[in-house]
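Going in written order, the chains are labelled A, B, C, D and E, and every chain counts its residues from 1.
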Amino acid sequence: MLSPINISIESLNLVTLAPMLIPFVGALMILVIDLLKGNLDKSLYVVISILFLVLDFGALLDSAGMFSANGIILGVFNVMLIDGLAILAQFIIVATSILFIPLALTNKRFHEFSHPEFFALFLFMIGGFQFMVASDNLILIFVGLETASLALYTLIAMHNRDKSFEAAIKYFTMGALAAGFYSFGSMVLYALTGSVEINQIATILANNGYADIGFVLVGVVFLLASFAFKLSVVPFHTWTPDVYEGSSAAMAGYMSIVPKIAAFVVAMRLFEFLIHSHVVWLEVVLYAFVVITMTAANMWALVQTDVKRMLAYSSISHAGFVMAAILIGTTQANSALFLYWILFSFTNLGAFSMLWISRQKELPGYQKTDHSFEKFSGMIQTSPMAAIVMAIFMLSLAGIPPFALFWGKIYMISAAVTGGYTILALVMALNSAIAGYYYIKLIVYMFMKDPIASNVDNSGHLYVANATTALKTIIGFAILGTIFAFLAVDPLLEFVTTFVYNSGY
Amino acid sequence: MFEAVAFYLFAFLTIAMFYITVTTAQALYALTALAAGMIFISAFFFILGADFLGAVQIIVYTGAVMALYAFGMMFFDTTRDVKEKNGNKFIVVSLATLAAVMIVAIFMAPIVSTNMQAFYPAIEGIGNTQMVGVVLFTKYLIPFEVAAVMLLVAMVAGIVLAGKKMDLSLTKMSAAQIKEIEDKDKKVLS
Amino acid sequence: MLDHILSILIFFPALAGVMGFMINKESMRAYGVSVGIIEFALSLWLWFAFDSNVSGMQFMEHLPLIPSFGINYILGVDGISLFIVIMASLFTMLGIASLTDTKNVKNMIITLLFLQMTMVGVFTALDGIVFYVFWELSLVPMLYIIGAWGGPMRIYASVKFFLYTFAGSLVMLVGMLFMAYFYYQATGTWSFAILDWYRLILPESFQLWLFAAFFVGFAIKVPMFPFHTWLPYAHGQAPTIGSVILAAVLLKMGTYAFIRFSLPLFPDASVYFMYPVAVIAIIMIIYTAMVAYAQKDVKQVVAYSSVSHMGVIILGTFALNVEGISGSVFLMIGHGIVSGALFLLVGVIYDRRHTKLMSEFGGLAHVMPKYATIFGIMMMASVGMPLMINFVGEFLSLLGFYSQSHMLTLLAGVAIIVGAIYMLIAYKRMFFGEVTKEENRNLPDVNKRELIALVPLVIITIWLGVYPKPVLEPINNSVESVVQLMHNKATTEDAKMRIPNVSGVVISKTSAKEAH
Amino acid sequence: MEKYLYIALFAPLVSSMFSALFTNGPKKQFVGIIASLLIFTAFVSSSILLTHILGGGEVVHVEMMTWMHTGNLYIPFGFVVDQISVTMMMVVTLVSTIVHVYSIGYMDHDKGFNRFFAWLSAFVFSMMILVMSDNFAGLFIGWEGVGLCSWGLIGFWFHKDIATWAANEAFIMNRIADLGMLIGIFLVYWNTGSLQYDIAFPAFANLDTSTLTMIGIFLFIGAMGKSAQFPLHTWLADAMEGPTPVSALIHAATMVTAGVYLVIRSNELYSLIPHVGLFIASLGAFVALFAASMALVNRDMKRVIAYSTLSQLGYMFAAAGLGAYWVALFHLMAHAFFKALLFLGAGNVMHAMHDELDPFKMGGLKKVMKGTWIMMTIASLALAGIFPFAGFFSKDTILEAAFAEHHMVIYGVLVFTAGLTAFYSFRLVALIFHGEERYKIFGIHPHEAYKFMLIAMSPLLILAMIAGVFQEPFFNMVEEILGAMEYHIHSHVTVWIMLVGTQVFVGLAILFAYKKYSSWSTVPDGSSPMENSFIYKLLYNQYYIPFAYEEYVVKPYNEISAMMWEVDKKVVDASVDGIANIFYTTGEKTRDMQSGNLSTMLKWMVAGTVGLLSLAVVFGLAARYSDEILAILSGLGV
Amino acid sequence: MEIGLNHYLILSTILFAIGLVGIMRRKNLLLLFFATEILLNAVNIGFAAISHYYGDLTGQMFAFFVIAIAASELAVGLGLLIVWYKRHGTIDLDTMTSMRG
């Protein structure tokens, strides 16, 4: 017979669950409200979502305080792991979500925002991501990941046009394959170590000196493949441009930030101990991944004719750039990852929001896709403010100082330099130059070409047709964050470094 | 001996069933083979002493999943022969074979590390289901609950996607059209 | 106010630029000119307040920016940067004043004001990253100026300009990060402050690599052969004002950076690479001069001549002695004034005829005598006529380099021959002979607005040619300290030998003075 | 005395700037007059300085202000009036005063009248800097300054293509030489630490010969350009496209002698390196003969005189190279007088003949242009070295010097050249002023020049006649710094034989010229056998040197330039674009990877995984069999 | 002949490879989803086997969650297919190529 199980509530550290549960509660509340009274305006759901996310943020602050005071917190049978990475990632996730949600308040009406399920699923997704980053148990990671992913597929599809279904199905199918990879990889590691907790796996592998290196590699191959899919590493990236193109611009911007930071955190947990144990194979593979992903994505971005698709490739390239942190594996590199991603989230969300506010329902003849380059011709003459804002986002993405991403870039390259990866540092730097071309291409269209006649007639209304105060506010936040990033970098850096360092990365 | 015979028998059967599933041009054959394969897999679970898992496998897969697939097949009208344009089979086969051969080659080797300790050991004399219950509701309580949320998400998603809500696309409609529809709705309601 | 004059100099134009959005289109030019005048007056005040006898940095400002990563907002000027700053504000002022009617004049002036911010920033920054920030940022307004107001191939030219320099400076950035890392290794703290870096003595092998990294960035900016091909396009396509500022100020960033970074940070590497760099400089001088000779477009002639003259500047810089470096700094100013004026002059005729092909002209001296005179003066200055500004710099640069190599200086000296060839021939084609084209017969001579821009440049050209002391003396003092620093930091025998010990020389100099 | 120095120096500058004010305006007579007066002021000041020096006064040395001062280098604007410079100042100011006055008449009808005086005075100023500077840098300022003014004046009639071409040629050729000069200056600086004459020259004594030789050669290269020595001589003849007063002032009397001045100024250097001196002398002698030979057949009046100038410069260099610096300087002075006179006379003729330059188209002009005829004849006599005119004293001393130094080849060449000089000079005089009035064929009505022009020329006439008497005082003056080298040939008989012999030889040459050309009646049309002879063609085409320059320097330069531009576009630039294109095309080519088909995407994913697996297998095997692999590799000798 | 863990792992691998074939080969999305089920089931065998041989329940837990995930994926996947089918009347993935390049 089993002995009765006695567990004290205190030992469970249930407070670790608070940040994740808040969005779940919010989601359920939205569902319940909808159940009680339908046809409520989307603004209500937007505000409710924001409120819960703010609560979530507050809870995170609390966790952060606990972490600073006591170090890493384990909770609920050691399934939950609240360390610096988890907290930082959740900060990014929640903050970006707060910035994203008001983008629903568009001037024109789009399908997904008219349904409360969207907001419920959105909050579920956030909770899923939060679980994913706040655990080192492969099972919980998997479940969190799938919760978030399934919600995300639906969110994409809810944009409700052919392209978005196509995007969702592609994403879903490839996601299913990636899930298979993930489970297979976990199985192999489990077979080796008898555990599904990353730190135990790491300890056991280290203790027996990687005796079964073949098994380890097979396991890592499959896990790597599944995260390469999530992080859109070439050649696992093929879903990215299509999905970005298919979903709404706001969603695409969101997707370029949140799922990736979650995946990055798990990848850091999973792979860095191998890097630190000098698994040469992984070093080589990651090196190749970083270089190929950056370069190839940049080259494809060069030839795009649609801005959103170009930005999709650019975000692949950025992800490749940031993946260098996992390869380098030093505290500086890991801090650089978070710093970069925080700055990137501002800029990229801003850039996609700019596309979002110019979204048309009917495409004129010269425009094949939603945001083809031609659309932005001569924007400076018809709506100069919008053009300048867009240009600043582009410059920031290109890494032109003093805009936000530049600081992330130099810190990351510096990490490469410090970690002894000189060639990598050069490749990373030079890739910015290649990337410069396509960002500049948009600036060229906006500033140096003459506007298309119809846009002159309505004096550039096109570019802000979808804008409301809420959207403008978000863009305002983004642009201020992008321009004045240099003021925030120092505190951010100290914060991030402390958290990363104290988590043992 | 019995174990070996059972293993090889069921291994052959599952492989054969799944092979049929991925190769047959008859959608119905594929469905049936898949269902059979899943049942055979549950046999492995029973052999391995994972009784509860075996039961869940049968209930969930054959009971729920297969029913859903069958429903889907009927809905999509894929009961007839499925016509698929198949490009280069060579790539498909060679990639899969290569993967299998390489992994198998590695898996042939025995696992050297022997200092394996069971973190959640199965205790003699206690039923599998009971053990599973204990572990599931202590250690894996949180994943379990999250899985519940996941199922809720799947449910909501399924309802949203397959339900009527997606029939009209606000995304593609102009402001005027949307207004028209809303007015109609109001009339219906009032 | 004097404590923060550099910040004011940097951010006043930017602020004015932002405010400029509110100005009515019609009044924009007046606004631009007044901002330019204020800025120029401020920079003159800077000169006035500058203590020529101090060789180090003055008007230092220090503000933590990202202290945990060693990035601080540090500004300061010494004799080397002071005059380039003044020149930057001079040219912005003159440029705006002489701006012809173009579309979107408002945008142009705002862009120019932002450009001015970046230019002043580059030359006053004493922190590697702050320097880099302005260095990169300066590309953006220039990109816009070339791309929006340029000729038919403007987009190609501007994008090429942008990407080429961008790519180069990224390599430089990696070098800077390395430099900071070495500083971190040596001291345990991060720092990008140039003055901190000066204290760092690196082993030669590191120096070589870092020198190469910085070199790529600087060489493209200068532009040095074979990285120069963006320049003719940029100049050829840019509007007049763009060319003027590009030639007068932006190109100087590269040569200035050599003196600010490469030489004092890597003295051994500088000696090691002296000959290769000198050979490149000589190729620049002769090769581009010959290419300039083959041009049909007068603006291209001036553009290639810029490259050629930059070669002399580089050569002077790598003389690694006080004479050469002072000469090269002076030549930066000289070349800035002269090539700026030449581009303005080309702009004058372009405004009238909308062509820059020399075959379209001929005999202009008959119809536009004043124009011909000013052009002639500037041409002679460009050719290196003594008592004009360029001569001082060229003479000192070559003189300086002579102590390093006899043969190479002889080759480099060919500059004065080939330079004369393309310039005189171009002048002859444009101004001499009979007026052959009917359109040219009634061209108006330079008007008042153009004279406002040109006459000060003529005056400066001759004034500094005759009496360079007010400029040369501060330069000399600062250069002496740089050379002394290099001498002290040099680790190899060769470098110690080739970089003179200035402090030993000071005595003999005073004695030389007494002899007079 | 400093006051006079500054006046002498800056009066021309004031003149130039004053005239420049009116450059774009219509012709103003007073501009010429004021300019002339100002130059005359400079002349007066120079004369005062001369008397001061002649009177044994101290050398006037001033330092006006700093020019360049950096590092070790200290260059002031310093000026010195010593025996050498005062001589040059006298020559420059005197001739330029006369030329200024003359030009008032000569340029009377030119619309560039004001501009002309601006340039001309600027030239005088540059020349004054050149001769008065107390350091090499100042010398270089003047050196380039006269080059600039020469460019402006040769190309004065800028509507004439050939004039501007000649101007550019002159400038560029001079630049080639200036490079040598510049290098020489650098050498001086780095070896002596200063560019001041009074510091550098004493320091030369401590330097080794090879360095000194280098310095000497490079400085002399500079001199070669300015003084149009072979092979940089072609510009001088072409420079005759400029207005004739310019030719008189710049290309006869002053600027071209700057090279000689440089060698004389650096006598302390050249006396240390006699082998370089000998080279200079030999080159001088060669040029004397070479130029004279070209003058024999040329059909351009001004070019003949130009070649004669070249030839006389050769004499000067011969003297200077042999160490007879004072003789060279003296010949420089005398030559300035009679050559300027000759040119101005030629200017009169040109004016009369409406810019016709071919003497074969003139003839019999002595009837209408008596004054000019007399002047040119006397100038030619002086040039030929007939006693008692100026040329006799100066030239004969050169011959004596060559003889006394036992350089018989040089002596022989110089004597022979003297005969040639006499011949071509009088060929010209005979063709222009004697014989039939061939100009009538061309319907020209010649007239004598303005009176005041002739009066202005008269000081030159007088000096050309009597300059010889200054030889003794001149020698006394300059011996202090140029060395007291009197050339005494031991036997008086030898001296007399030489003197008389030379005179007779020269006289015969004159007679021959008169005989051959004074009764010339036709205009040669290139059909006579002489004109078709090889020698004639060779000489007439200036030994084909300009042709060779055109063919083997200018054209290749053009072609190489054009080629380099192509290289620049198609190699250098194309490779940059190529690199960019590599990325773009790779992107374009591989974008099909993104076919949009889900099945392909899935295949890519699986392929990626299989790729990773294979890498893992390779690594796994490598790790497992690392010992064996190492063994095999070492067996292969890796 | 003893059946060891390796046997099960190899079986799992083979089934996984069959699943991969299906994934790559199937153009009909419904049948493609079958293949994903095969993948997950293959893994489940492995988990159960490891669990058995190590006497550790974690493997069964993992398999349990994998089943749950498979079920929910199916729900969402079918939902997406239904939407697509309603619009296009086909679930062949070759028809989904509106975005490319």
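The rule is short, and it goes like this: a residue touches a chain if its C-beta (ideal position, glycine included) is under 8 Å from a C-beta of that chain, and two chains touch if they have at least 3 such contacts.
Bear in mind the structure is a predicted one, so any value in this text is a computation, not a measurement.
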Report summary line: Joint neighbours (chain A and chain E) are B, D
Requested in this report: Select the chain at the greatest separation from chain C, using centres from the mean of Cα atoms.
Outcome: B
**Report entry** Most centrally placed chain, judged by C-alpha centres
**Finding:** C
Report summary line: Relative to chain A, the most remote chain by C-alpha centroid is chain D
**Report entry** More contacts between chains, B-D or A-B
**Finding:** A-B
Query raised in the report: Between chain C and chain D, what is the separation of their C-alpha centroids in Å?
Result: 35
**Report entry** Approximate Å spacing (C-alpha centroids) for the pair chain C, chain E
**Finding:** 66
**Report entry** Centroid spacing, where centroids are CA-atom means, of chain A and chain C in whole angstrom
**Finding:** 44
Requested in this report: Can you check how far apart chain A and chain D are, centre to centre, with Cα atoms defining each centre and the answer in Å?
Outcome: 76
Report summary line: Listed in rising order, chain A residues that touch 2 or more other chains are 139, 143, 146, 150, 153-154, 157, 169-170, 173, 177, 191, 194-195, 214, 217-218, 241-242, 303, 437
Query raised in the report: Going by the touch rule set out above, which residues of chain C reach two or more other chains?
Result: 163
**Report entry** Junction residues of chain D - those touching two or more other chains
**Finding:** 580, 591, 594, 596, 598-599, 602-603, 606-607, 609, 613, 616-617, 620
Report summary line: Pairwise, the chains that touch are A-B, A-C, A-D, A-E, B-D, B-E, C-D, D-E
Query - Footprint of chain B on chain A - complex, ascending - result: 1-2, 5, 7, 17, 24, 31, 76-77, 79-80, 108-112, 114-115, 117, 120-121, 124-125, 127-128, 131, 137, 139-140, 143-144, 146-147, 150-151, 153-154, 157-161, 164, 191-195, 200, 204, 207-208, 211-212, 214-215, 217-218, 248, 361-362
Query raised in the report: In the complex formed with chain A, which residues of chain B make contact?
Result: 103, 106-107, 109, 111-113, 115-119, 123, 126, 130-131, 134, 138-143, 146-147, 149-150, 152-154, 156-157, 159-161, 165-166, 169-175, 178
Report task. Would you tell me which residues of chain B are touching chain E in their complex? Result -> 3-4, 7, 11, 14-15, 18-19, 21-23, 27, 30-31, 34, 37-38, 41, 44-45, 48-50, 52-53, 56-57, 60-61, 64-65, 68-69, 72-73, 75-76, 78, 82, 84-86, 89, 91-93, 95-97, 99-100, 103-104, 107-111, 116, 118-122, 128, 131-132, 135-136, 139-140, 143, 147, 150-151, 153-155, 157-162, 166-167
Query raised in the report: Which positions of chain B touch chain D when the two form their complex?
Result: 87, 91-92, 95-96, 98-99, 102-103, 105-106
**Report entry** Parts of chain E lying in touch with chain D, wherever the complex brings them together
**Finding:** 20, 23-24, 26-27, 93-94, 96-101
